[in-house]
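The same chain A turns up in both complexes below, where it pairs with chain B and then with chain C.
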Partner chain A sequence: MIIQPLVSGLAIGGIYALLAVSFLLTYRVSGVLNFAQGEFVMVGAFVASTVAGIAGIPLIAAALLGVGAAAFAGVAMERVTYRPLRNKPHASMIISTVAVGIVLTQAAQLIWGPNPRTLPSLVPNVSIDFLGSRISTVSLFLIVISAVLIVALHLVLTKTRLGRQLEATSVDSDTAQLMGIRTGRLVIIAFAISTGLAGVAGILVAPMFSVTVGLGVLIALKAFAACVIGGFGNLPGAAIAAVGLGVVENLAGTFIGTDSKDLIAFGLMIAFLIVRPQGIFGAKVGEKL
Partner chain B sequence: MTNILEITDLVLSYGAAAAVRGVTMHVAEGEVVTLIGANGAGKSTTLKGVVGLVKPVSGSIRFAGDVTTTRRTDWLARHGLNLVPEGRRVFAALTVAENLDVAASASNLHGAALKAKIREIYEIFPRLEERRDSLSWTLSGGEQQMLAMGRALIAQPRLLLLDEPSLGLSPKLATEVVQLISRYSRDHGLSVLLVEQNARLALSASDRGYVMETGRIVAEGPAAELQDNKEVRRAYLGS
Partner chain C sequence: MNASKLAMPQSPTLPTAAPVRRTRATTLVSWLIWPALLVLVIALAQGIDNNYWLQIAVNAEIMVIAAVGLYVTFGLSGQVSLGQAGFYAIGGYTTGLLVTTLGFDFGLALVLGVILSGLVGLGLGIPSLRLRGNYLALATLGFGQVVALILVNWTWLTGGANGIRNIVAPIVAGFELKTVPDWAMFIGVVAVLSVFVVTRIKNSSYGRAMQAVRDSDVAASSMGVSLSQVKVLAFVVGAIFAGLAGALNAGFVTYVSPGTYDLSLSVTILAMIVVGGAASPWGAVIGAIVLTFLPEVLRPVQEYYLLIYGILLLLVVAFAPGGIWNLFRLVGSLPARFRTRARTGDQS
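Moving on to the complex of A and B:
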């Protein structure tokens, strides 16, 4: 009885976690809270669904193109809005990300029209028997892909020179430049990875819903809530909080009622903002990216 | 002797307030030059101007003959112009070894050549090797200064700029650090521009010196001459 909602919770939690780490990556490296993050979820899903509709193109190619489109849109955002505004007051930057979100939404509406689209799952949807419960292969696929991508990102950030360069840029951009680091290029890389991951989330989540312009909105808000709960200090902390959030709200949805899901998620976020604003894993001195 | 650095009529400002008001100075190849002056004189700003962290209002900067003003800081760092900033600025969340690795972004060293360079730096600063896996915020001030210098040396500088390397160190350690710099310069033909508040220490380890007051050079000459200069003695050497 509990296995099924638990697995669904882990699956949606994995999606929140993908968004949460993508959110934090640009936040740490460029200092921007990107409120358009959710729109890149939708961009990835729409592009993939359009390409998948063309005869003869395999689904996996469509998915990769969707991810590429989201990453490309992220780089465009960095060039067009972040770069010119980076030395301006922070409020301008935040407002600009909200504006980018609206522009992307409206553009998607113009391009793809008002009707929802569909995107098939990359794995066939069968339900398998697991400890006496029926669970879906799509949920398992979501869990595996999110986990692999987040662990891979974590390893890149902590074990490679690229990761150290990103860390250096995030904590002290001037000194990073003194070390010969091309900080401008690293900000672009951070945007591309970040919005690319949002695109992955879109491709993973789209088969469970349908592809609409609002696909990523709630997911991004939940990911933001997870960052608040886990703390903006480190990526693993936010990812763990995101998975926890997915599980908790899904269990609440099952045992209390579907309407309680969002209430619980955002109630928790508000509680943390008031009681423990640094989050569970609060940023200590010397915290890693 | 050719000049590795030539600064002419340099003016630098933060917004409306000019911090450097027409500075002309040079560093010859292989020379150790010191820039002394009171707190707020504009020494750090001059160094930031040389590496492009503060853009000049007017004047020119030439590094190895080429105008630097169109170059970015990271480009200059990859081409042998390296600054150890005031306050050391080590990356707190990275270990000693990781700090050195990230600083190697400024070199084109890889594989065995990089390993050999790191070995060389650990030989100069054995303490860094002992602490290689420690997060750098746990290091003492002296160890952080060694790490900051190690990071600059790994870039294989042609001109090394040092901003108050003795700041916060014990007098003994400060002397060691400054002497190490002048010895390294002699052994490797490295050109150095050293900013110090401890004028006596800096002049004792340098070939030439400049004295800066409120954004202007007010005295210059061979280190020994400056040490004997009445004005300089009164203002900076406390005698």
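Moving on to the complex of A and C:
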């Protein structure tokens, strides 16, 4: 009984987690809290579904193009929001990212129209028996891919030269620059990885819903909530909180009622902001905030 | 030199070399503007005989109220709120519910709606004190979402997707507000009063404390400004005016339904301040009017409206951070600046 909602909770939680770590990546490296992150989810899914509609192109290629498009859009965003505004008050940056979200949504609306599109899953959708419950391969695929990507990102950030440079930039950009790190380039890389991951989330989640301009909005808001709950300073913490949020919300949806599902995430978020703004795993709220 | 001035639109004084002297004439003008504005809104209410445009004008007046409120929260004290739609909804729904289910008088219901918005603002503002910048934006964003979800899901209270209909017209000073011109006059007067109150707040000691907190909270608190009091007050003022705007809107359109109160409304109200200019209440007024009429003006290219709006917002934030108001001021201060330059030979 409990396994089915648990698995779908883990699957959607994996999506939240992907988006949560992508938020935190740009947030930590550049200080930009990207309120347009959800729109990159939609961009990835739309581009992939359009390319996949062209005969003869394999789905995996379409998916990669979708991710590439999202990453490219992210780099473009860095040019118009972070670069001209990096020394301005944070309010300008917040409004600027919100504006990018509006522009992306409206551009997508103009390009792809109001009708929802579909994107097939990269794996065939079969139900398999697991401990007496039927679970879908699509959900399992979501869980595996998001787990792999998050672990990979974590390894890149902690074990590689690039990761250490990103960490140095996020801790103290000026000093990092004095140490010979090209912080400007790293911010671009952070944006590309971050929005690329959002694109992946879009391609993974699109088979479960249909591809509309609003595809990423709620997911992004949930990922925000997860970042707050897990702690803004802490990538693995936010990922764990995101998965937890997905599970809790799905179980609540099954056992309490779907009405309460969305309220739980935002209620928890506000409660955490008020009681423990550093989140479950976070250290004390830092200067950057 | 010029660029650095543009980058600091929020500096409270004009960047001219000579101190601005307030002569008796300018003081008189700054007081006469209020009766003049009252006459103007009444004249507009009676003068515009096209009902459609008059309705847009009423919407603009309602948005002016919400925007000058957010001006106190954001422009004066620098707190970004992405949840104004939540307060707007609380004002509207409280008024609507009290009028339709309990048979309250509209005026009383409106006052109670505004009070409730203010109390919720207080409830959200006090704990949010510890939150700065991005965190406050997130908390208000979450608040807006919670309110929007409650409107849809708590059908027993809010009527769910149907909302609340048939909010009966109020009686103000003995006569019933029935026609659009009546409403235009009533809401116009309230809007002018709101702007008046906000300019008084701006020039009060509280307003100056808010600006000090915005520019440097450390400096402000070391000067004896109570950060918590000032920030919460600014937040509550924003909530009160948003609630007032929502309540008036509910009365004017006679119904409330959840679609109105989503994130895009919060973003629009914030955008009004940014586009109009966050340095002055008049910036908020200009922003509210411009962004309410812009979709009408752009009706021929309707499908591009939101795109244009997004790009406009991006451009204003990046290149004209003081908004339209600052452009006005720059143009207005040019003669004085030329004079100073001619006199002193200073290049600044």
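Some notes on this structure:
Methods note: the second predicted complex is superposed on the first by the 283 of 289 C-alpha atoms of A that agree within 3 Å, B and C clash if a C-alpha of one lies under 4 Å from a C-alpha of the other, contacts with A are read in each partner's own complex, and residues count from 1 in each chain.
Basically, a residue touches a chain if its C-beta (ideal position, glycine included) is under 8 Å from a C-beta of that chain, and two chains touch if they have at least 3 such contacts.
Computed from a predicted structure; not experimentally measured.
When the two structures are aligned on the shared chain, A:91 is found in touch with chain C, with no touch to chain B.
When both complexes are overlaid on chain A, the residue A:269 reaches chain C alone and has no touch with chain B.
Set against each other, chain B and chain C touch different numbers of residues in chain A, with C touching more. Of the two partner chains, neither chain B nor chain C is touched by A:134.
Of the two partner chains placed by superposition, only chain C is touched by A:33; chain B is not.
When the shared chain is aligned, no partner comes close enough to touch A:79: not chain B, not chain C.
In the superposition on chain A, A:167 makes contact with chain B only, while chain C stays out of contact range.
For the contact definition in use here, the residues of chain A common to its chain B contact set and its chain C contact set are 285, 289. Per the touch definition, chain C reaches chain A in the complex via residues 7, 74, 78, 80, 82, 127-128, 130-135, 137-139, 141-143, 145-146, 149-150, 153, 263, 267, 270-271, 274, 303-304, 306-307, 309-311, 313-314, 317-319, 321.
Those residues of chain B whose C-beta lies close enough to touch chain A in the complex are 51, 53, 72-74, 77-78, 82-83, 85, 89, 91-94, 98, 101-107, 135, 137-138, 151, 155. Considering their complex, residues 27, 33, 35, 80-81, 84-85, 88-92, 94-96, 98-103, 105-107, 109-110, 217, 221, 224-225, 228, 259-260, 262-263, 266-267, 269-270, 273-274, 277, 285, 289 of chain A touch chain C.
Chain contact summary for the complex, chain A toward chain B: residues 161, 164-165, 167-168, 171-172, 174-184, 285-289.
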